[in-house]
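Each of the next two complexes has chain A plus one more chain, namely chain B in the first and chain C in the second.
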Partner chain A sequence: MKKGIRNYIGAAAILAGSLGGQAFAQDQGCIVLKSVAEQEKEVVNAKGEKTKQLVAAAKIVPGMEVVWTVTANNICKVPSEKVTINNPVPEHMSYVADTAFGAGSDITYSLDGKTFGVPTELTVTENGAKRQARADEYRQIRWVFRSPLQPGASAVARFRAVLN
Partner chain B sequence: MQSFKQHTRRVALAVVALSLGGLAPSAFAATIDTNFDTTVVNRASVNYSVSGVPQTVIRSAPGAGNSTPGAGGGSDTTFKVDKKLMFLAEETNSAATVTSPGLNNVVAVFRVTNNSNGAQDFQLNPSNPTAPPAIPALFAQNYGDNFDMTNLRARVSNAACSSGAPTTPAYAGETTAYIEQLGEDACKYVFILSDTPLTATVPAVVNGATSVVKLEVRPTTDVSNGVTPEAPTAAADDPLAVEAVFAESGNVLGNQPNDGYSFAYDVYLVGTLTVSKSVAVISDGFTLVAANAKAIPGATMEYTITVSNDGLVTSGATLTEAIPANTTYVAGSTTLNGASVADVAGAMPYVNPGAINSPGQAAGVILANTTLAQRAVVKFRVTIN
Partner chain C sequence: MQSLRFGAAIFTIALALGLSSNEARAVGADAGSTISNTATVDYTVGTVTSTTSSNTVNVTVAEILNVAVGAPAAATPVAPGQAGQRLRFRVENTGNGSEAFLLTLNSNVTGDAFDPVAAAPSIYLDNGDGVFGAGDVPYVPGTNDPLLNEDGFVYVFVAHNIPTTVTDGQDGFVTLTAAARTGTGTAGTVFAGQGTAGTDAVVGTSTATQTAQGIYSVEAVTVTATKSQTVTDPFGANRPLPGATIHYSVAVNAVGSGTATTVVFTDNIPAGTDYVAGSLRRNGTPLSDATDADIGEYEATPTPRVRVRVGNLQQSDGTQTITFDVLIKTTN
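On to the complex of A and B.
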């Protein structure tokens, strides 16, 4: 994964002069990144209607879906640009087709964590023949937000994965 | 660190579709389920720029999140995989188990399969069901429940077990009464041993009578020796603890899905000693050719009683025979399989119940599926008054 994410040297580090990487790693960045595992649960509201709501991932057994939500909150006084969220599909889980979303983002997927593309661009070779990759073969998801994240604003990236 | 190795995924898309939003999807074919107690981890990352300058990656954390940059920063968001309890009890041969009155340790064979996501202990509860369902679904015949077998015990077979068509292994003296750590997608054969009441004790135990027995299987916690049933907790759940979810199938013979029980039935059929009796005149004291002798007063008659067995090998087989009216027993005339049987208190030895057996067998033993030579044959003589 280190190869997949270029380790940029931040402006703050340049200003700090000769301090090592360890030192600026302790500085606070402009984004608070949070990951939450939840599951959808059917509840009956006061009107007796069945509705679905997300609750903290509780009893999860094979075959059940988990909703992963990544929230990026800009805590600086300036906008953050080119906000790109990466999330590997957790081990033991399979991505559920067409469930990734993030308002204002372009979503691509990767089979190897290096090359990203939309579903039609991802192929695997099986028995000598190429075919389009299935959603459960994706190993990483990337959300690239088109607009800068304004101070105080949050970008949300979400996907569902089923426990194998 | 997340590995990007290409995994073979065996969860079919259909399964994914079925489980949308469901809390406890019902049984589907188990493949390689993620074992319970596995911790699933996730850490996202964000790259961004400020004023056109790329910033150090920030990695996610649960709870309040993380804003400290660095590829090694943040912490994993995790949950523990819970226990999906899927299991099945089956009767193995869809045929009644033949027994005989007084026969002990009669063996009915079941199979228990574990499709949970990990190894599992199981409690085995044999019982006489009070109101068994009609059982035509598994047996060729819709057996009734005429009497109760006694002293029911469950025993786990040491015989190899595999999925597919079950076999019917023989009981080999096994003593374990619960299933210890049955592996994922593995199975065990389970015996019910039970004793057959004597007809004298339970008059319903007669040829052709049936007794339905039930094997109930419950998953139990490890190290409890099959004692403590797994119990799903209430809705509030600890994402960091392994908890149980019942996911077994049901709907056969009254089984309910997802209730933590699976059960199956077997039928004991009281088999089938057949007694036949014939009589011949030995001598009338007048006719010279014995075959032409007539049954006149004073004539000597020989009765022949033949007992064959279409059921299991029996123990404790006895014969009771009265001397016919208007005849007198010829002292010392009784034989069993050609060997003399001493009179008892001056009377024919089978006036009160006396043991019979196949030739060369211990007293009371009538061999199963008796051939002509294996039948127990009792002869005695009387004279006509």
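On to the complex of A and C.
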């Protein structure tokens, strides 16, 4: 299976060289996935009001939140079905409870990257007693989009994590 | 830097293989390290299922400037006029990068009863054993500012002389301030490019400077002795006739805080009287006349006297009552 994919990508690279962008995109797959790291910054607008806006993440220090946004864009002429976005909680970061968001998706979490569930289904054993896992113990987040992603459409998955 | 990037790449692959990432250490992210993130998407077109990875986003961790100064656990008890009395502070780098700290001592804090006088030198950096000793070096601002790694700490001793004019129960306050050498300010203040590994340095919630207060507490204790007497004459009355017995009772008290050490009570036997053998008592307990293991004795020479070695005495010990009898001589 793995070998097959590798060969497929190799072929795509050759096609890209000879046929140009459109063919490249087709052969790369139907979904282009883009990840962006941003942070919330308080700005004062023209009316003198304080508002929060997202700016590119820089000067990240422990205790600061990063807003991670993953955008899946369907570049094919046919719908993509069963669109599922997976994103690990980056190393040295902790997921911020109740911040995962994705319109039209069901969101589950995982402590080990294998088993996924909603928060009430995730437990850890501590001192011999089972308890519900805390949000900062989640190591991976999964968004399963209920509807097919139409041609040209985008699906957005977002979450916040704080730098430890 | 090279190795950090390499580590991040390994991490991403491990997740793609579905391995656990729980090994992530709980320490704060180091300044200059890279936080990486790669998302994946699975989807189906027709009957073909595909997986695509996103770009990998790398965010460099900036240095956060934070410091904590721990005050001495307890006040240092001092006596009037004592020199070189010390307090121990603890300065910890609670930021996420290596940072040097400027130390400043203030010996003239308001709100206290006296100002301890800074000794020279007044600040010492501990050599790591936490105890003041020969290995501890005097601090010279700008020359040996303590350079601390993240979560690293150093004990700092400050030394003062206590004025002779202080009295029991008075407190003298001093403060030690530690400030990040890169800079201080309100939380969020940025020092561009001045952080670890060329990152920006950002002031944290501690404002990158903290102050803690230590206390010198004067413990002065004075010992008082109050003597009273009762006379019993041979005729059952209280006249000081030859042959009458004088019963002396001396109340010894420690007044103030702290401990009076090696308190010794002595009282000469009055002229014209003789000590009544075996009459010396402390709190009603007989003390032998001989100079021996017990704390009391009678000495006939050179001057007849009784002596009681009371030892350490505190106010909480209460009144120590020493009694002895003398007989008024019938012949001179």
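In this text, the second predicted complex is superposed on the first by the 137 of 164 C-alpha atoms of A that agree within 3 Å, B and C clash if a C-alpha of one lies under 4 Å from a C-alpha of the other, contacts with A are read in each partner's own complex, and residues count from 1 in each chain.
Following the convention adopted for this analysis, a contact is a pair of C-beta atoms (placed from the backbone, for glycine too) under 8 Å apart; a residue touches a chain by one contact, two chains touch by 3 or more.
In this text, all values refer to a predicted model and were calculated from it rather than measured experimentally.
After alignment on the shared chain A, the placement of chain B and chain C results in a clash.
Applying the stated contact rule after C-alpha superposition, one finds that A:59 touches each of chain B and chain C.
Using the contact criterion defined above for the overlaid structures, shared-chain residue A:78 touches chain B and also reaches chain C. Of the two partner chains placed by the overlay, only chain B lies in contact with A:96; chain C stays clear of it.
If you count the residues of chain A touched by chain B and by chain C, you find the higher number for B. Judged by the touch definition given at the top, the superposed model places A:40 against chain B, while chain C stays out of reach. Judged by the touch definition given at the top, the superposed model places A:119 against neither chain B nor chain C.
Looking at the shared chain after the overlay, A:140 reaches both chain B and chain C.
Only one of the chain C stretches 188-196, 224-232, 242-250 or 296-304 carries C-alpha atoms that clash with chain B in the superposed arrangement, namely 188-196.
Shared interface residues of chain A (contacting chain B in one complex, chain C in the other): 28-37, 57-63, 66, 68, 70, 72, 76, 78-88, 90-93, 111-114, 139-140, 149, 157, 163-164. In the complex of the two chains, the chain C residues touching chain A come out as 8, 11, 15, 18-22, 24, 26-29, 31, 33, 35-46, 49-50, 52-57, 59-64, 96, 190, 200, 202, 204-205. By the touch criterion given at the top, residues 1-4, 6, 9-11, 13, 15-16, 18-25, 28, 32-34, 36, 38, 40-74, 77-84, 117, 232, 235-237, 239, 243, 245, 247 of chain B touch chain A in their complex.
Listed in rising order, the residues of chain A touching chain C in the complex are 28-37, 57-63, 66, 68, 70, 72, 76, 78-93, 111-114, 139-140, 149, 157, 163-164.
Within the complex formed with chain B, the residues of chain A that make contact are 1-2, 5-11, 13, 24-37, 40-42, 52, 56-66, 68, 70-73, 75-76, 78-88, 90-94, 96-97, 110-114, 124, 134-137, 139-140, 149, 157, 162-164.
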